[in-house]
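Next come two complexes, and both contain chain A; in the first it sits with chain B, in the second with chain C.
Moving on to the complex of A and B:
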């Protein structure tokens, strides 16, 4: 492992469900650089969360992961046993989930829950453990950390709980943080505070962040890279600036066009994308977006477009013009 | 906290007063009476009236009722028509036997429920969990008198390993040492514990299953907490709490099961005495037992409530 290794390299990640002929997540490849925020965006059910939990697991029963390469800060983790993966979870990779109300055990204090992950992964005990736990709470800007350590989840607001979960996630200085819609359940003001905090922590420690969201506005504000998923496949991957200036995949363009703006308030209805996203395993030999795409032709309906390109990759036979 | 406790106690006492009064008037309203039980159904009206006068049953019911409370205030529970002894002294050994049996059965039921419920809840989709689920319903539905009789036939008659009833010693009612008492308690304790264990384990299994589905368990897995630690430190801890409440509520079930169990096994406890006294229409004994069982039930519920308060962080802090 060298200082130049990206936080995460994924090649050919595929997740299959027992009894389904076609995978739910299909051949996904991307890289998250050190200190970088990669936003994984897409509609509900397109495989964002499955992609994230397919990296290190644990996967729900009945799901299987295969991948050519998964390198976490230079260390290959494909082929590791479940026991070896478990020691990496929470230590090399931190996770923050969507709902801070339920991701903490209601009957344990914050101190016990932060202490637990430190004890399990670093073997710390006693006073040093307490000091470290308090330091972590201070890191995520929880006021009066000593008091917060002794409080139970129900005594904290949603924003405070998400900060505490963030403290648990970064407790062992992971190389990668997976933030799975970390702010969806929070109000708008708290949302941007939490994301700014995540961005700052990433920049300070070189930790890469895989930020799963369907909020494109947040992605535009914080992400360095944008990864767009549709029906279990990556359809566009680009540096954030290039993406927001000129998305090449018609789906990406439609997503951006569907963003509500202040001007749209005068319109009678918000812009949307006609039709519905198909299930990932339903589309075999066609572009999954073809049915909803104004540019689709016979080729689109008979072949899966490959994800190609250099820094700005997209999977489309008839891409939008680059601007 | 003190205020809460005082309120709970006050309402408990009120409940007890209503309960005992209800039982008192219900008994008084039943036809017949202890005189008929003692003298036989064909006794002459003169003999019955004489005995009733002797027992004080000829005065109006409301006076008897007030008199009963008056005596209770002075620590007297009345006088048994059948046993010719003060009820207070009579209850002592029966109460001890019942407490022994119920404690044993409860311990047996709870420990079984914890183990079986956890195994069932941790792996709900396995064939063994489904088998356990079926057995729970079967065992729960078996009537106590059937299970008790079956156990006696199997382990006391066909294979005479254990005594079929009583508690040993002279006349079967005075135990001869702890080892002998324990041997006499095995079958009734199992009979009493089985339906309770079935109900509690089913409930606990469901709780464990629910806890395993919680987000915090998923989150703990995602941060590499070992499965055993998740099971004990997170899941069990949270699943046990509602069990305490259910346990408190199942105390009456133990006493009801106790009446049947003790009758089947001729085990000299409160349940057995209640059954006998009810048949003999021995009013003072029946009323006193209802009072004692009611008080124990209320105390048990109170204890469960307090324990729950101690375990539940969000109740404690409010």
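Moving on to the complex of A and C:
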């Protein structure tokens, strides 16, 4: 893998479930550059986690992935055997999830858990292993790493546990970090600290980050690229600045308008999006957002709008004005 | 005039294992609430917000202090009948708080039985309550696991409303909901309150939601209130360094042009001396006195109380 390759290139990722005629994740394409944070946002159930695990992960039973291209740090993985894929994952991919408690083993100290990962990846043992574990904890800015290594997960705060997981995730110096709702369970101060840390690590090491969240405000603060997903499809993909200045898809705009910002405190009501998102596999020949969209017309109800555009892509027949 | 709800000196201790010193989870909490008013309670997880809420409704007996409603002592655990259903709590984890073997209709109707309502009246009232929180009738026959997270949260709200409470304590009512459902829930809470005289104590770490619903905000840090103020004053002119750090840590999209942009607090373990200010290890303004003397919550004007020896100047530190 060359240092110049993007962390991740995906083209045409589709995930199907057995017994369902239509896919749960449909023809998703995007790139995560080196040192870049791409935020994948959307409502619960829209397919964010399935996209992430569909990329590289082993899929749950009954699910099936197809893709034209999935390149992790320059390595094409479509067609790789499960064994070769596992090796590549171990070398180039790190993951952190929403609930740090369930991802850590409660009966082992942090040192034992980090040591285990390091032993597998580097073959180190003894004192060098301990030094490396302490160095990793220092990287994720845990004060007093020696003491933290001797602690059990329940002795750490939520923020510290998430940092520890991050240390494990970056132990193999991955080229891509997938962070699925890494801070949803944490409060504002800790949330922003963890994301700032992830951003710093990315900038220092060139690691790309796929940051899955339904928190648009955090995406606005930390992401370089925004990917909006709705009912299993990407409906908008753009550089963060362009996106937040002028989202083109009516769904993106509605999401932003619904945010309870401090400025909205005097509003009479917050503009929510009426109705519920449909299941991805229920939509066939229509825009999935049509039932909730103020701009929908007959065209929207009879065809799927393609995702088109150059750097700012959106899937809509009647997009919002650019600003 | 006497406030409707008056909480003074409330404290909750948790006994520590093996006879060690008790752990004070909540200390010296004072606040008041008017009928129909919403007070927001913000602070980081583990700061004691939920413990305070549980003490108010008697789920944990308070160790110290007093709760008065209309001037009458209703402190839980004091032998009287307490507030008896006048204060109700809606839990953060709506699913965990529901009996998984009961259908939605029965879950909402259960408290009505305690109010002595007959069977058909209960069914009718449950339907009305579900309609008020914007849920369709056909949900009544479903089990909790068969409805969405957002719907479960509304079922929990309908159930709490069934006791005809005067104060609803809402613990993180929108956490885990996505933006659209969050907006819908906040709108619903506001609509339920309009013209009804219902008061809310809204616990959340999301300052945006709290500012939307609450007229006043109380900030909690390690079991103590460090600042209470009208929402407007708290947001535009926070006086406690911790409140300022909370505001500064908000994503710019949420914060907009509000509040100071100070350096956020580093995430290090607390380690204040027993007598000092608990925020001292993180505080950029700490001085010698902060290590030795605990600052009491001192009332100021207009209704802006702060617990700090060296509060930020009123009017805000400027843009």
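Rule of thumb we're sticking to: the second predicted complex is superposed on the first by the 318 of 323 C-alpha atoms of A that agree within 3 Å, B and C clash if a C-alpha of one lies under 4 Å from a C-alpha of the other, contacts with A are read in each partner's own complex, and residues count from 1 in each chain.
The criterion applied here is as follows: a contact is a pair of C-beta atoms (placed from the backbone, for glycine too) under 8 Å apart; a residue touches a chain by one contact, two chains touch by 3 or more.
Values in this document were obtained by computation on a predicted structure and should not be read as measured data.
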* Room on chain A for both chain B and chain C (clash or fit) -> fit
* So, A:315: does it touch chain B (first), chain C (second), both, or neither? -> neither
* To do: Could you say whether A:88 touches chain B, chain C, both of them, or neither, answering first, second, both or neither?
  => first
* Just chain B (first), just chain C (second), both, or neither: which does A:107 touch? -> first
* When the two structures are overlaid on chain A, which partner does A:169 contact: first (chain B), second (chain C), both, or neither? -> first
* Identify the partner contact of A:116: answer first if only chain B is touched, second if only chain C is, both if each is, neither if none is. => first
* Asked: On chain A, which partner touches more residues: chain B or chain C?
  -> C
* Angle at chain A between chain B and chain C: what is it in degrees to the nearest 10, using CA centres? -> 70
* Quote the smallest CA-to-CA distance from chain B to chain C in the superposed model, rounded to whole Å. => 7
* Structure fact -> Given the complex, residues on chain C that touch chain A span 44-46, 148-149, 176-184, 186-187, 190, 205-209, 211-212, 231, 235, 245-246, 249-259, 264-265, 267-269
* **Touching residues (chain side chain B, partner chain A) in the complex** => 125, 214-216, 218-226, 229, 233-234, 237-238, 241, 311-314, 317
* Asked: Where on chain A does chain B make contact in their complex?
  -> 53, 58, 61, 86-91, 94-95, 97, 99, 102-108, 116-117, 120-121, 152, 154-155, 165, 168-169
* **Complex interface listing, chain A residues touching chain C** => 42-44, 141, 143, 157-160, 184, 186-193, 214-218, 220-221, 244, 254-255, 258-265, 267, 269-273, 276
